[in-house]
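Please find the structures below.
First chain A sits with chain B, and in the next complex the same chain sits with chain C.
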Partner chain A sequence: MNQPATANPFAGMKSRDALRETIVRWLLRLGTFFIVAVTVAILAHIMVKGAPVAFRSTWPFVNVQFLTELPSTLHVIEDVKGGRIEVEVNRADQVKAQLGDAFHSETTISYSGGGILGPIVGTALLVTVSISIALFLGVACAIYLSEYARHGNPLIEWVRLAILNLAGVPSVVFGLFGLGAFVLTAPVFVDVPADRSVFAIPLGFTTLSFEGWDTCVLSGGFTLAFVILPVIITASEQCLQAVPQGFRETSMALGATRWQTIRYSVLPFATPGILTSSILGIARAAGETAPIMFTAALAFKDKLPWQKDLPPLPADASIFAHWEQSVSRFLGIFTESVQALPYHIYTLAAKIPQNEYSERAQYGSVFVFLVLVASLAASSVLLRKRLRAKYRW
Partner chain B sequence: MSADSTAKTTPPPVVQVRDMDFCYGASPALFGINLKVKYRRVTALIGPSGCGKSTLLRCINRMNDRVPSARVTKGEVLVKGKNIHDADVDLTQLRKQVGMVFQKSNPFPKSIYENVAYGLRIHGEKNKSVLDEAVERSLRQSALWDELKDRLNANALALSGGQQQRLCIARAIATLPDVLLMDEPCSALDPIATLKIEELMHRLAQEYTIVIVTHNMQQAVRVSDYTAFLHLGKLVEFAPTAEFFTNPLEKLTESYLRGTFS
Partner chain C sequence: MKAPASTSRPSLGSLLLKKQQRPFLGIDKQRAIRLFFASNSSVAIIVLVLIMLFLLREGMDFLPTYRHELETYRRAGLEFCDIINRPLAEHQALCSKLRRAASASLNTLTHTARTRRDAAYELMREVEEETRLQRAILSDALAQIPAASPEKLTRLRQEMRAATTLAAARLQTPAALTPEEGRRLQRELTLLNPEVPELPPLLAALSADYIRVDREAHATFKPLVDAVEAFEAAPDALHTLLDAMKKHARETKAHVTELHGSGKEPSHSKPVDFDLSIVPLTSGITELTAKVEEYTLLAQKTADTMPAAAGTPQAVALLAEMRARLPDHLAAMRQAAASLPAWSHSKPVSYLEVAIAFFLGDAWITNSSWQDFFGFVPLLTGSVLIALIAVLIATPFSVIAAIYTNQFASEREQEFIKPVIEFIQAIPSVVLGFIGISLLGDAIKGVSEWGWLQWIPSFPIQERLNMFNAACLLALMAVPTMYSLAEDALNNVPRSYLDASDALGATKLQTVFRVIVPAAKSGIAAAVLLGMGRVIGETMVVLLVAGNRIAIPDFSAGPGVVFQPAHTLTGIIAQELGEVSRGSAHWQALFMVGIVLFLISLLVNWCARAFVRRFELAKS
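Here is the complex of A and B:
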């Protein structure tokens, strides 16, 4: 009562503690902000440099040529006044003839003309094949580990160790594995085994020859599938474990078999999470370069995978023949080698002399690549949201 | 044990546990259990935490099979006269005929209809009218039909806790089991919801044989015809509920009922 009213009973005691608190808080905050800054810097740089390549200021606002044409060699013809004309190889001579005496010089820049449809299609195919294989194998493995395997089984511990190690394998090693396993030794049915066949099993009507699939979408897709498998297994298993045990108990108590329980009371509720993990898988598979270098990707290809020269069918060909050809054309897509976006970017950045034209193609490709991956991720997030609303608990 | 005195005039026991020992790995959980569950009567299993009453309940539909290393080491469990550990017993058929309701109400995050129809669907029933009929019957029997008949397609998780537990009962009786096992079905419910479930059990006992685990002695008095008291893995006393609570034969039972348990 007698104390002056200004005395603070809660006054802080040690200024050193307060100082330490401030320093730590700012260190942590700066660390976090630095990460954000780096991300923004990368994205902004690519936006500024890449968006002008992919978009136009006039209708239809996107650079149609860039998105719908195959890459080609760019010819830049300079006249005596310093004016520059960009043309593709077919029109180069015509332009030069028109210029006549005004012609000054001609520069060619590989891969930088045309568009990037080939790489887009190739990446889409590789991602589709790899995610299908990885989801099937990964979810199967996760279900086995989570629902069937018994805890404490030493074999299961080895399996887990193997998955962990698989996640740590450098991607170039996966590439070499894919080269050895899929490109050179995977089994195919052939009439006559090739000389390089590792061994062949005659089956009478045909021969199962281990002579590899060659560099193609299938080889690359399988290789990429193994790259993303650990991510998918680990995440899927966590999602399965997150489904309440009560669902399993109830289902079993109603007389369901283990598989019925998984099929109707576990898997539907784990699916949203599994899809999330597949987003990570898709982004990873789309971005990997090393695994496809030896197994699927070409630096340059002037055809889309379905543009194949099949012999024309006779006029009186049966419906069956047409159908057969369509099927073989479709299946042929997966046995073609392709261009892929990450490898195309690598080629543009590291394999050709750099100038403003190659840089333009580079940034454009990177920008489109980012937009594609982002929209894939976004659509998966939307799908997951809808499934969550349906199967929340 | 006087529970057997009327055995000759009533149907044979639906569930019979004979001299059963049960172990989790190396640690024994139940010793020499003998129990006869009467046809269309409610049998309550009471006892302190960890006495093995839930384990005993889960022996009756072999839910303990889910626990690795858990097994019956001696004796046998007969349901409808058949030893359920025989090699020719199909677990899915056993569990179809011995339904179970768990402590935590755990409806699937599906529609009310799908929850009730689940058991029939996994047993291969595809006929819509059969399913409709079974859903209506089960919901009526579990006193939910009038409340829910207009929203059978609503998500079961939107129901209140008590409704969810009654839905779980409806789900368990949809396959027309002979025995209904209930593992502390009211322990997570408020008194009013508990009362509803207890009323329900009285009505269900006319058509089903019920075994209920409860840690609430008053509940055992209210709902059961027979009471079994377990302590440290042993069945101490088993008697008609009225006798059990008014005139226990065992000293241990008496001290448990009085609450002077050491």
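Here is the complex of A and C:
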């Protein structure tokens, strides 16, 4: 690749050619570094505007309120002296009463007060669900493609074609699919099927009704899982292929079955790579907005997913009742719709008027979101580099 | 490196020597495992099929539903009114041209007086804004019942005076006013007070001056102004008649929807007798034709009497353009009137017509009190135009970057460039969309106001959020895809090509641009195509940044069309799906758009594969 400029020692270079080459080389370099500069400029802009929101110059150096509170409506109260007081909803009346005659005017800015804990938790839940599903399906698919499939098998050709096409499907189409399939059609156990149920199978004690899961973490997680499935499959297959053929042959020669070979001689060496590559899948799942718009995300919610009002148990409730309630609380997490960071940013950017207060919330959220996604992507790249150096066969 | 795991597991030996388990249902354990993986591998195919199935399930009924809606549209006579109404829309466009010409002409005379008045008003507004708080308190105190104590009022007046003095002292005299006037105004503004209702004398004088000049200007351009008014009033009689007809048609339609509900099944109550309800419209054909004829004569007469001269070259051009377009418009009106008798409310709407109305329809109008239309063309034009601009921007940069890193860059440069470009992929699209709103929009608008760039068409631009803005960000998103695929293509060029070229004594540049790049041509083409696929399918950036105006961009603006806002296929789904009820025509239309998007993505993939396959064949 990096041939010296005069690869042919017998051809003397004319000075005009040398000049032309230098010019072209510099033009190409300029074009390349333009892309790099634009990227760095965008990141720097977000850092400069967003970091002051997320960090503090005094201990504990991070803006704890911003990271640990739920989003709320910001009330800005102006007194007659022109001073401005920012308060959240609940304290607005109190502050107004305090000011008395000095009260002048009040403006409210939706979503811009409080913090972004709700969206962070929602995104984490969505990512957890989606990556579990995608890893299970994706790794199994990759194992088949890499270990079992023989060349020329028509099924394999179809599978590869499908993976390629799946990778090209627009994310908003995945959103439509998730809406049609999971929100409106997926099967649930209910006592009485809803009107919209496609069909219901009576099972005696309950009914399996195809009436959908409604907008919830589960619907969004499944939708996202299929968005990142091609990424996971391709990455896992590469990792499996990277395990030397000799390992398999040795294992087979010792009389191990195909599954034993995979289990003991291939997977242990491929797993670190698969997990590292799946981090990239996590970053992708966290960043997608369109698939969760209609399947999981809410613009505003004043509770965390597990803060659900359940009927209080009687004082003498058995330990079983407590246990049952904990389980239903845990399962309830997945059947609630949540706020998600990318959707929160969309709401902040598109649905409310721009002013200094909303700008602060916007840049803060974007900064935190970008730091999360970028650290995931960067750690994936770094780990992969280290793994490559470690497993060199 | 760690020791191989297999040796560290003593259980392996015993496992290997264990007896084969008994098959279950004719499937032994190994086969079962194999089947498990095989079934998992088909998940990609299943998902693709499911996507198509669910999109079809929700969207398939669109054609029947839309057909039913269009049928009601025809039966109730709304279509009848639109036959005249549609060409009449051109009248508005011509009117606005005339008005612009007239105001440009008037402006030549009134410009100075108006700027001076506006500048003075602006100064007053600044002072008022600065002293906002004091003003509010003082007027509150004055309005109080019972009246506030005189001492308090005096104190407040003093505060007011101090604040205005301070604010007035800070004012800068704008260029439109002489320094002498500026000083006088400053003095007068110091006395600005909510208790004094009249304007400062200088401001009043400037206002009066403007009114006088304006009257003079109107007198000077009297023929033009009169012509504008006459042209605007020309279709009044036609409008009156048409509005009555529209009202009747809308009532019929409301009656129908009420009877049928939103569904398609006929209700049990008495259906609407369309033959009867259409009579008031069809019986008015002669009157309508007469009114149209009257309008065309009137419009023609105004155009003939209209002066060719106007205040500015621009106004003259506008007048000429209006004159040139008028005959076509009038002909279209006459033709529409002539086609009225042939129209029949009972003509059935065929599926072909419905398909044409969707795929070639030029209007996407929803939640309208008149009639909803689901025309696909404005969205498609927006999507395609944005994607084309984005690809035009992204292709040179990504190909240049690929050639540079692959052929010229040193090892250290490569290690820096590649991760950065790959990192772009990890930036979520909503973040880039936000950048477009908060940073790039203002930046592009600011640049478009620079004086030395005014030769570019449609600069300075009107809208902050437009297609060009979105395309820039999409180009950035497409760069990593295009770059890595193009670099792969360059990498795949056989080493022997390079050696052969070197052996012939080619310089580095000749080798790169005459051997390697041509050899990788189809790979690069596939890269561009896949980048295009990514750009067309992108949602959040276009939703946030493209401006979301549902209209076919005005191509008469030339290349400047890229600075207009537009809406896209992906954007419309994301924006509207949340607000429509399931099963309505609107909902089904959005799913139809989804189906089209899905098919476009399949097509793009297929084309890219075809390119690559050709490339591989050529290599062997």
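In the analysis below, the second predicted complex is superposed on the first by the 358 of 393 C-alpha atoms of A that agree within 3 Å, B and C clash if a C-alpha of one lies under 4 Å from a C-alpha of the other, contacts with A are read in each partner's own complex, and residues count from 1 in each chain.
The rule is simple: a residue touches a chain if its C-beta (ideal position, glycine included) is under 8 Å from a C-beta of that chain, and two chains touch if they have at least 3 such contacts.
Since we're looking at a predicted model, the values are computed, not measured.
Where does A:T257 make contact in the superposed view: on chain B (first), on chain C (second), on both, or on neither?
Both chain B and chain C are touched by A:T257.
Going by the contact rule set out at the top, does A:S265 touch chain B (first), chain C (second), both, or neither?
The answer is both, since A:S265 touches chain B and chain C.
If you stack the two complexes on chain A, which partner ends up touching A:L166: first (chain B), second (chain C), both, or neither?
Second partner only, chain C.
Of the two partner chains, chain B (first) and chain C (second), which one does A:E249 touch, if any: first, second, both, or neither?
In the superposition, A:E249 touches chain B alone.
Hey, is it chain B or chain C that touches more of chain A?
Chain A has more residues touched by C than by the other partner.
Regarding the shared-chain residue A:P60, is it in contact with chain B (first), chain C (second), both, or neither?
neither
Which of the two partners, first being chain B and second being chain C, lies in contact with A:P311: first, second, both, or neither?
neither
For A:H151, select first, second, both or neither according to whether it touches chain B, chain C, the two together, or no partner.
first
Mind sorting out which residues of chain A both chain B and chain C touch, each in its own complex?
In chain A, residues 247, 251, 254-257, 260, 264-265, 269, 391 are touched by chain B and also by chain C.
Using the touch definition up top, name the residues of chain A that touch chain B in the complex.
It is residues 150-152, 244, 246-247, 249-257, 260, 264-265, 269, 391-393 of chain A that touch chain B.
Report the residues of chain C in contact with chain A in the complex, numbered from low to high.
1, 4-6, 9, 12, 15-16, 29-30, 33-34, 36-38, 40-45, 47-48, 50-51, 54-55, 57-58, 133, 136-137, 396-398, 400-401, 403-411, 416-417, 419-424, 426-435, 437-439, 476, 479, 498, 502-503, 505, 507-509, 530, 533-534, 536-540, 543-544, 570, 573-574, 577-578, 582, 590-591, 594, 597-598, 601-602, 604-605, 609
Okay, in this complex, where on chain B does chain A touch?
61, 63, 66, 68, 91-96, 99-100, 102, 104, 106, 108-109, 118-119, 121-123, 157, 168, 171-172, 175
Along chain A, where are the residues that touch chain C in the complex?
By the definition above, chain A touches chain C via 1-3, 5, 7-8, 10-11, 13, 17, 20-21, 24-25, 27-29, 31-36, 38-40, 42, 45-46, 80-82, 104, 137, 140-141, 143-145, 147-149, 155-156, 158-159, 162-166, 168-177, 179-181, 184-185, 196, 226, 229-230, 233, 247, 251, 254-260, 264-265, 268-269, 280, 283-284, 286-290, 293-294, 342-343, 345-346, 349-350, 354, 359, 362-363, 366, 369-370, 373-374, 376-378, 381, 390-391.
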